[in-house]
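Chain nomenclature is as follows: A, B, C and D, assigned in order of appearance, with residue numbering initiated at 1 for each chain independently.
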Amino acid sequence: MSKNANVVELEDVVVKFVGDSGDGMQLTGTLFSELAAFGGNDLATFPDFPAEIRAPHNTIAGVSGFQIHVGKRKIYTPGDMCDILVAMNPASLKANLKWVKYGATIVLDENNFEGKAITKAGYQENPLEDGSLRDYNVVSAPITDLTKDSLKNQEIDKKFAVRTKNMFALGIVVYLFNQDVKRAVKLVERKFGKKPEIFEANKTVLTAGYKYAKSLETIQTIYKVDAAPMEKGRYRNITGNVATAWGLLAASEKSGRPFFLGSYPITPATEILMELSIHKSLGAKVFQAEDEIAGICSAIGASFAGSFAATTTSGPGLSLKSEAIGLAVMTELPLVIVNVQRGGPSTGLPTKSEQSDLLQSLYGRNGECPVIVIAASSPANCFYYAYLASKLSMEHMTPVIMLTDGYLGLGSELLKIPKVKDLPKIKPPLAKPNEPDYKPYKRDENTLVRKWAIPGTDGLRHRVGGLEKTNIDGNVSTDPLNHQLMVKLREEKVKRVQDFIPEQNVVGEESGDLLVIGWGGTEGALISTVKRMQEENYKISLAHFNYIMPLPKNTKKILSNFKKILVCELNMGQFVNYLKINFPEFHYHQYNKVQGLPFHVNELTEVFKNILEEDKNA
Amino acid sequence: MSKNANVVELEDVVVKFVGDSGDGMQLTGTLFSELAAFGGNDLATFPDFPAEIRAPHNTIAGVSGFQIHVGKRKIYTPGDMCDILVAMNPASLKANLKWVKYGATIVLDENNFEGKAITKAGYQENPLEDGSLRDYNVVSAPITDLTKDSLKNQEIDKKFAVRTKNMFALGIVVYLFNQDVKRAVKLVERKFGKKPEIFEANKTVLTAGYKYAKSLETIQTIYKVDAAPMEKGRYRNITGNVATAWGLLAASEKSGRPFFLGSYPITPATEILMELSIHKSLGAKVFQAEDEIAGICSAIGASFAGSFAATTTSGPGLSLKSEAIGLAVMTELPLVIVNVQRGGPSTGLPTKSEQSDLLQSLYGRNGECPVIVIAASSPANCFYYAYLASKLSMEHMTPVIMLTDGYLGLGSELLKIPKVKDLPKIKPPLAKPNEPDYKPYKRDENTLVRKWAIPGTDGLRHRVGGLEKTNIDGNVSTDPLNHQLMVKLREEKVKRVQDFIPEQNVVGEESGDLLVIGWGGTEGALISTVKRMQEENYKISLAHFNYIMPLPKNTKKILSNFKKILVCELNMGQFVNYLKINFPEFHYHQYNKVQGLPFHVNELTEVFKNILEEDKNA
Amino acid sequence: MLEKKRIDKSPVELTKKDFVSDQMVKWCPACGNHAILTAVQKVFPEIGYKKENFCLVSGIGCSSRFPYYVDTYGFHGIHGRAAAIASGVKIANTELSLWVATGDGDSMAIGGNHFIHLIRRNIDINILLFNNQVYGLTKGQYSPTTPRGGITKTSPQGTIEHPFNPAGLVMGSQGTFFARVLDNNVKMMSDVMYEAAKHDGTSVVEILQNCVIYSDQAFANIASKEVRDEAQLRLEHEKPMIFGKNMDKGIVLSGNKLRVVTIGENGVKEEDILIHDQYKKDPGIHRMLGRMHPPKYPIALGVIRSAPFNTYDRLMSEQIETAQKSSSIKCVDDLLNSGDTWEIE
Amino acid sequence: MLEKKRIDKSPVELTKKDFVSDQMVKWCPACGNHAILTAVQKVFPEIGYKKENFCLVSGIGCSSRFPYYVDTYGFHGIHGRAAAIASGVKIANTELSLWVATGDGDSMAIGGNHFIHLIRRNIDINILLFNNQVYGLTKGQYSPTTPRGGITKTSPQGTIEHPFNPAGLVMGSQGTFFARVLDNNVKMMSDVMYEAAKHDGTSVVEILQNCVIYSDQAFANIASKEVRDEAQLRLEHEKPMIFGKNMDKGIVLSGNKLRVVTIGENGVKEEDILIHDQYKKDPGIHRMLGRMHPPKYPIALGVIRSAPFNTYDRLMSEQIETAQKSSSIKCVDDLLNSGDTWEIE
């Protein structure tokens, strides 16, 4: 440890690596998170890359970032403002300074803070010289030069040499963070082990960065975040999109139904498709369709044919699938539709996150067309909610829309690895060969669920389709009373799913001054804020919803126990509208933000306090 | 007039012609309505044909019908139960008997009531013989034989001769209805004037039918419905779909913007496309697209290019257009989307009517994506609402969804022909050539409307698209605060349309015991019922909505003036949900019917009385 | 009886009756669809699979009501999506003999994209394309195959669109099987359907189907008794392309074009006539055959192309097998524990 | 300068600079799109219309950002719908020179149906088809033109799909104009774009575009300096199809196939070489040219087909004129009073 640096122990720290699209910030960030995780910290991460693939060099449009929040306590979000910013060029500094805490440490590659790079970033003057960084602890190092320097004895391409400068930055942060540089080297070896020269170069640069930092006078504080007290078990870091993919695969295995995905790429859902494409060894059949409509229609076909089928998309794709979701409702076939929400309307803000597809999920189809809607609320629980969506879909023979968002999908956190045998059983209602009085629309008395009769099975020949049909027999029918009956049965079938989902839980007391309500991807920020305020003795609780259609049975009871209700959403108030429809007897306050950004804890704290204040003043 | 028949004067009469698909019932019905109209009656009609083009002969599936309601007072609906049923075969009798009033007159072609036709209709015994018609006044005539007989002196094809038997039936009804047979002959001449032989045959048979009826002993009652006291002016009979088409054309002419339609056929909206296809003389460009998506996208392109553009469809097609509606919202271009609702979900009941696309119209798109939604409420007012939808769309630079339904679209009523010069002006906000500081997203302060700058115009080059963009400049932007601003501006722009629509009117007193609420195509039945009950001194009023998004300004005031509110819809409660979102402070009763059938006056009367009773008992 | 891959054969001999469902057939009397139904019900027992291994998928249209009338598994989809739905059915369950019933509107208007992609992927599905050159169910608007100038309810002055030639579109989309038949010839229809079933990959059978209500007589210029001998070339594999009342007309290749000749005239001998090779991979001649039409040429009927290429469904199964052999991830537990994981004790 | 119908010519002479917009170009450095942009900005002044009469429409993809960078009217649509949007623009406003910028995914995956229907209708629109054989914007999944076996983020074991050949698809859809160019030849690109603008009807210009990130070197086998002379046949109307470093290779028609020959070998003379006729209506040779590819053949570049047929937009205008002349309904008041009406007094 450096002679003169003092070590500050912290509960949690937020680090962000930012640079040009080609600077390797995603890799640096990933390595750093693994390092922290292996050290026993809890963590969450979020990548923040531009809509452009490689926007022009040194421009704001081309800034790519990766943020990591590590803690010795439970970490719920990738963090609001950062404690350490590593900025490889002026543009990345410019774009990110607003997210840096006062007094935070900023590590800069001073070799890039000159000439055109400054003006291209939109600076008039060099920020290193104009005093604008005086409130920060700036570690300005000639990273590019030092990188080249450290590699001068190795025989490698100059261009390549420069590209390892991210490792030098990582080395500095490893030091700043009081981490074990050897462990960092090991992680780099895992990545590049198969290419020894590349590994060697990266190792050299990483170590050089570490040593350089150690020797620096300007570093006055280094941080220490102890291991978090975590439940025993095996852990891994996982993004929401990968977790979703795996949850679907687990459901397939558990149900015994082969997996089929029909999908079309779209940001930010594409990673689910890509992840599933590499798991053919699990028998997963992945069909990259020509468009979203073919994606869902092929999935409906596969479901009819007896596979457990899913389709994955984001907002505009969900719009395109509307008509076919109706077909799945009418044919009463299992189907999971994963919608990773992004900023809308229309193409909107494809790389930003939002919660504005809720009403579309509930109502965006012609006719009376109910489906189950559930929402995951953290990257890791995407695994469970994908699994549960699949279970409900198969066991209740109905499409399920599972909502996540770009923030969850691309963000990561730690997952305690479950055992498949411990997951709840999935029992699809398969019709047996030659089942005596099989009828396509005969229903289970309790659940109203019809049977799944798979083509190829002896004695179950039947026909389904999108026209209204008679209950039990399933013949096409325009009979007035039958239609009304079927509309009601389809609605009731989804309502009865209430009996198969858990009651809504409340974070905090069951009654109090303020009930905060959220749903989906905002859980981390809401929970952090509410817990903090509970520690400050506010009578505040949180009901964060994952089950939306149907709502948990005890929802009304919860709502009735608080003086005020505040619904927080990253949209203009879609869930609050849905609550008004269901429980018009309550008065709802609402807090809405539609900026393509997540909630921040400070922001929420202020909002909550204001609402509670009003109360006192009244 | 027949010696022994007594003439009964009636306020209104409902006549229904039913037969096999090939029996010409649509023509017969149309002729009869024209006859009544020319005689000065008010009227409404509704065709009732099978989903199949020509289902098998003599089956229920193949029954085709046409219902006419004529009156000496204002007629609001095609009528619930009929006073006269003309049934050409057993299947049509079987399918329609439930819609015939006790004691009504039933005219039958007894030549068809024998052999297979009876069993194919699902009868065990001949209904003419088993006493099942004893409660009716049955006029059973060997129509087929008499038709052939009457033509035996004309040299025509036997097959063709039989096909004129609908004229014989018409002749009977003309008599039964105390109408002028010569006038009927004239109408037939108009239809067939160009084919003298066909006209001659039809004339002969029609007259024969009339004379036959006059000679019949079994006809004991004939009806007389005096002319209705109608406003002076020129009138025509018009279906909702044709009225919609004409409303769009009128808006184009009035605004000076050439008309473009991009559409794909779908029941029950196809007639709008077909009607517009024949009006190229008005410069209407009609593009029959390869699908619904191309329909709306071509319309958006045409709108960008400066045409007044529309697209027409029904439920499943609206689902497919969801994504593109978002594009029109984002580019803030005028566009009218006509949705002729039918029974859903999915393919559903394509030939039946329903009001179940309301929530889809309001919310069925990704992101926060507001559009104006308005609903026509009678076949003839489709003309005005199509016109107003067009006006609002162009003047407010926003897509408008206009809802009608199969019942309105295919039904007809009398339209007092307006003069185009008397229609409200339409002034689209066109940008002028070389307008000094034109910016694509600069807005009018009051309406928040941007200008329409048409490609080809000097000095207004600009680019629009589906990505979020900065206000005023219109450059692509992911800026958080700009996004929030734009979301709010788009919402506010639609809300401010409130200032440009009329206040909601109330049928009846402004306060009372029960406020009935309806919207769209159910107006006729609701107004008839409410007026009838008002005559019986019930304190009941009706607020029937045509403007849905935004709602008229005085809506809340109206709601607050009644003891009870009852929302009646042909769906599971979509408008009532929307009211709960907007005015959660009221308690709403609801009456919902989802049978592919319209409301009936008797049914509604019972419902209204029950609700009012409850009141008294409470 | 057809021997094909993993599809189960019927243990008992089936007849046409076995494939008649209990549903009332609701097409117009005299509609060409009735004969197509007969042909299918005739050929299914000949193919010889178990009833349960047949599956019919359709979109929306008069033609798309087809599945209701055949006593097998069936799926009546939504408009235009039959090919997409069927793709999922077949990839998921390769043990089915899968048939798509679709109209010219269903598969070439709204469903055009799924149609060409299915063909390109060469999934083993048999498409019966009911081409009546009109939208029947919606009552008579023009379709993408309505001949230029055709007057319909939406083209009162005649259409202004160049119609698709289905053969051209199929081959332009890398199609491996294309056949054409007329609805008035049940024998030829079922023969060709048999060939379609035999073909590995996507088979398109274009059936020129008469809609008696909205496009009656659309094919009179090739189908009517008076003209048919001169207007139809009935292709058979390895047989010369000879036609005509007296079987004296033939097709020859002249330069890069086909030409009609009369045997015996201008020194043309039977040996000069082109021999049909339906299995040829190169689509050159097949394309030309697909485009021929009266008055200059006869129309080609029968199997025009049936070229052997890999199918998507088989390649997919192979990739799965390979992955299962080579990957260490055999179950979801393996997956969950793969890559970077660590134990907290 | 191009003389065409009703499109206004620019009163002043324009240069490339006039077509540079104020927006920052955000493609990856070295992406092939930059050169395409240059070619467009170069050819628009040559075409000579007023700036305001150019209009660019696109879908979504890297390529679809194109309209932002050209100082004309522009519309950045939604994924796959450029052809449909453009159809509306052109039919509504025939006085625009309309250009579509679209990717292989945009126009042949999700947009496939609009693409083939636009082509079939032959609306006068110029399509620039940026074919990089991959989905660029979504970061590297295979597209409908990715060669079989191609390894991408969604095909870790190689794709199992037969790719479309855009030329084949265009001609299979009754296409009247097809050209192919490489993104490394600005001159040829702008020449061909000029030809596209000149053509009445839908022109498809396939640009083999290098995505340096996800499909880098996809066209190295035809574009690289080392091979290009032997691998490229540069077509010119009425010129013989000669290529090769020494201009001694040529294409001849042998039977119904094209064959590569060497002039001077086996008695082949220059006169034997096929002469290119881009205006021929029969697509036979054009199809064969479109399908040629290495190693057996050179790839054909330049205008392969430019056949004169009626355009939809012109026929539509004609029908309107006819109707306006012959119909008694001249305004909506006439319409409202047409047919059966009566007076109540």
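Keep this in mind: a residue touches a chain if its C-beta (ideal position, glycine included) is under 8 Å from a C-beta of that chain, and two chains touch if they have at least 3 such contacts.
The model shown is predicted, which means the values in this text are computed figures rather than measured ones.
Peer 1: Name the chain whose C-alpha centroid is most distant from the C-alpha centroid of chain C.
Peer 2: Between chain C and the rest, the longest centre separation is with A.
Peer 1: Looking at A-D and B-D, which pair shares more C-beta contacts?
Peer 2: Most contacts of the two pairs: B-D.
Peer 1: Averaged over CA atoms, how far is the centre of chain A from the centre of chain B? Could you give it in whole Å?
Peer 2: Computed from C-alpha means, the inter-chain centre distance equals 47 Å.
Peer 1: Between chain A and chain D, what's the gap in Å when you average each chain's C-alpha atoms?
Peer 2: Using C-alpha averages as centres, the distance is 40 Å.
Peer 1: Return the distance between the CA-based centres of chain A and chain C, expressed in whole Å.
Peer 2: Computed from C-alpha means, the inter-chain centre distance equals 45 Å.
Peer 1: Which chain D residues touch at least two other chains?
Peer 2: Within chain D, the residues that touch at least two other chains are 60, 78, 110, 112-113, 117, 144, 157, 316, 319, 322-323.
Peer 1: Among the residues of chain B, pick out those that touch two or more other chains and give their numbers.
Peer 2: 280, 290-291, 316, 323, 326-327, 346-347, 465-467
Peer 1: What does chain D use to touch chain B in their complex?
Peer 2: 8, 21, 23, 50-53, 55, 57, 60, 67-68, 71-78, 81, 84-93, 95-96, 113-114, 117, 316, 319-320, 322-324, 326-327, 329-333, 335-337, 339-345
Peer 1: In the complex of these two chains, what residues of chain D are touching chain A?
Peer 2: 24-29, 60, 62, 78-80, 109-110, 112, 135-139, 141-142, 144, 153-157, 213
Peer 1: Show which residues of chain A lie in contact with chain C when the two form their complex.
Peer 2: Contacts found on chain A: 34, 37-38, 40, 190, 230-237, 246, 249-250, 253, 258, 260, 262, 279-283, 285, 287, 289-291, 293-294, 297-307, 309, 323-324, 326-327, 331, 417-420, 454-467, 475-476.
Peer 1: Name, in rising order, each residue of chain A that touches chain B in their complex.
Peer 2: Those in contact with chain B are residues 51, 314-316, 318-320, 322-323, 326-327, 329-330, 343-352, 354, 356-357, 359-360, 362-369, 465-468, 478, 480-481, 483-484, 487, 490-491, 571-572, 577, 580-581, 584, 593-597.
Peer 1: Touching chain C in the complex: which residues of chain B?
Peer 2: 52-57, 59, 61, 264-267, 270, 273-274, 277-278, 280, 286, 288, 290-292, 316, 346-347
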